[in-house]
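Look at the two complexes coming up: subunit A is in both, with subunit B in one and subunit C in the other.
Our next item is the complex of A and B:
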């Protein structure tokens, strides 16, 4: 069980320092998914680990986590829905008119902005995976804390 | 026409996530969205059926073939998928209508409808997927949504059932995934049509992979000896979900895939045909004898699902056997027609029976047949429709179950499998006995004093039960020559021209 007050100030400060870096690395892995190994899923898990690190070091404040839960649920649903919209846009736009059609220009091979909608899709999957991983963690903490109360 | 195929995936998924996003503020959004969505999909399916049967192919992403290798994700619709699409749409629509009143007893109705839509998306996806890996992905979507839905009431019994279901479902997914791995290893492709083209060149592994696939999808279809999860899961789930699981899920993700794989993808061979027939016969016999002793209304129905799926698989198995031994084509056609027709009929009457059980439980709070009785006066619609469904499942004319069973029995006799015909008749008689018991203990006999004030179920529930009861009668017409050509024959043709599948889909 995680103590409600968290760990010592040394751990907290170091986590505050490290977590944003981890988060940034997660975004990097997601966005460069079409160029290098990684992609939305791996990046999302790394992003989620930043949040989980913060929760572990700061301690679980049950009320605060409960209030955060619906935002996680919402961002999860919203990101899946926007992925669906991305796929349907390919169907609706005249250029491709195919489900999952790549309606954006392919760009130049090897550049960051290339591959049409693949980087956008990777980013959306990253958000989705991050939200659901954190949600699972938060749900487990809430379950454990409520049980012990 | 082909361009409409992705709608089967877009609409259920869109409905599910719209419900989840806005459900926090608009509590009834799920209810308002699901009926139009299902009406639209049913209309779309009827449009597909009414077209001249042809194989429709849709390439997701629009990628063209590279060096004659199909690289796009294929969505395929033909005569066989039309039957499954119709089952999913009609039963889905009526169950959704029934759920509108039934789910009032739960908190978190929004999540119920979202999961329901996800399950539908998974089943539609399995049916129209043209490559085996997407088939697996959609299978998992449908399965995981159904694990959650079985436990929706979070009672002790439901959690236990869903745990069992998840463990066995996980085992079956693992088996299927490893079979897919072997297929990819030997053929280097995942596209079903391309696999069908490559397999004759690769003799090794074929039998091994077939056995793995029969095991995996047999678990999903709850054939004996893989049936142990079904009675728990189907009896403790909320009733609309039981109706979906029994009426649709075990067919769409179990029986359909077995039929598709062993007719169109793998070459028909005698050992596999024999295995499938034996499994079908075993399910038919074991299921019914386990059912007759049950006193829990829904558990009894769940065991009958195993038994009736046995009929479906038996019909298909006889068809395969006749084709494998080089018998008369006419007999094979008869057997396959019987199997597919029974699949269609079973989805209608078994869904109806589960909805009846649900509405009895909704009003009286129990499923124990010993504590019920005399409900015919108090709940005339439930009682009447359950009578129709009971007669249909026991094979009494003029209801639909009679015709499909007769076709299967005739096919067995013509093919020379007299024992199978005998077993089919005996099982049908035992089924009748067991449903006479249900009728007597639930709806006739003496009304216990505490149920004096029981009322008929709410309007939505009664309406969907009535429509299903009428469908039980109308479905009988499908066997008449003239009507049969529109609907059953295209599906049978797809299976009879087994080797043409890959030609029709990838055009090579």
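Our next item is the complex of A and C:
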């Protein structure tokens, strides 16, 4: 069980340095998913690991986590909804009229802004996976603490 | 070929509607089985025998498990005396067996021979990968050719989270005295 006040100040400080770097790396993996190995799923898990590290080191203050829960649920639901909207936009706007049709211009191969909606889809999936993983972790802590009260 | 697919899809939609409005839990599960086995035949019609094999195994396992759970938990077989003769059941089983054998013998000759792997999809992926505009071939396939599959994976994740929250929740549960 995680202690409510967290670990010692050494662990806390080191995690404060490391967690933003991990988060940035997750965003990089998601956004550059169409150029280098990686993608939305891998990047989302890396982003979630930054949050989980921060929660583990800073301790599970129950009130703080409870106030974060609805925000995680909202971002998870909104991201999967916007992925669906992306699919329907492809159905409406692309010339071929298929589900998930690529309606944006493909651009030049190898540049950051290329591949139509593929980077947008990677980013949306990254947010969704990150919110889901963090929400499962937060839910395990919250309900365990509520049980013991 | 198209008309068989349309018939199967209409059957699946009717089965799912019937399972929503069924009065009995058992008949709801059985009409949900129509959807699963209709999906098997649809996969066969769409030239995807690997998916059909997986779907048939999954469907048999889940349907049998669910029916076993319902029978042992809620369903009282003794109270339900259904008034058909045994000849009616035998005739129904015979008719459906003949239909299934006809469908299978008609549609298995369009598949490739056993043991010979057809690389049709892989060739299309490799040839038309630059069309997606993605330098990474894997992401190009995952989010361009198979984006529908990716939507399914993301939905599985959302469903898993909903399941965790539902099972672990503390408020709204019945408390034991």
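Note that in this section the second predicted complex is superposed on the first by the 146 of 149 C-alpha atoms of A that agree within 3 Å, B and C clash if a C-alpha of one lies under 4 Å from a C-alpha of the other, contacts with A are read in each partner's own complex, and residues count from 1 in each chain.
Simple rule for what comes next: contacts are C-beta pairs under 8 Å (C-beta built on N, C-alpha and C of every residue); 3 or more make two chains touch, one makes a residue touch a chain.
Since this is a predicted model, take the numbers as computed values, not measurements.
Quick one: on subunit A, after the overlay, do subunit B and subunit C clash, or do they fit? Just give me the call.
clash
May I ask you to decide whether A:80 touches subunit B, subunit C, both, or neither, giving the answer as first, second, both or neither?
A:80: touches subunit B and subunit C.
Going by the contact rule set out at the top, does A:70 touch subunit B (first), subunit C (second), both, or neither?
first
Report the partner of subunit A that touches more of its residues: subunit B or subunit C.
C
Please work out whether A:113 is in contact with subunit B alone, subunit C alone, both, or neither, and reply first, second, both or neither.
Neither partner.
For A:24 in the superposed arrangement: first (subunit B), second (subunit C), both or neither?
Neither partner.
For A:14 in the superposed arrangement: first (subunit B), second (subunit C), both or neither?
In the superposition, A:14 touches no partner, neither subunit B nor subunit C.
In the overlay, answer first, second, both or neither for which of subunit B and subunit C A:129 touches.
A:129 sits against subunit C, while subunit B stays out of touch.
Contacts for A:96 in the overlay, against subunit B (first) and subunit C (second): which applies, first, second, both or neither?
In the superposed model, A:96 contacts subunit B only, not subunit C.
Now for A:88: first (subunit B), second (subunit C), both, or neither, which partner does it touch?
A:88 contacts subunit B only, not subunit C.
Which stretch of subunit B would you flag for clashing with subunit C, going by 23-31, 113-121, 275-283 or 347-355?
347-355
Which positions of subunit A sit in both the subunit B and the subunit C interface?
After superposing on chain A, subunit A residues 77, 80, 84, 87, 99-100, 102 contact both subunit B and subunit C.
For the complex, which residues does subunit A have touching subunit B?
Going by the criterion above, the answer is residues 70, 73-74, 77-78, 80-81, 84, 87-88, 90-91, 96-102.
Which residues of subunit B touch subunit A in the complex?
Against subunit A, subunit B makes touches at 3, 6, 9-10, 13-14, 17-18, 20-21, 24, 58-62, 73.
What does subunit C use to touch subunit A in their complex?
130-136, 138-140, 142-144, 147-148, 150-151, 153-155, 157-158, 160-161, 164-165, 168-170
Which bits of subunit A are touching subunit C when the two form their complex?
Checking each residue of subunit A against subunit C gives 33-37, 39, 41, 76-77, 80, 83-84, 87, 99-100, 102, 106-107, 109-110, 114-118, 121-122, 125, 128-129, 132, 135-136, 139-140, 143, 146-147.
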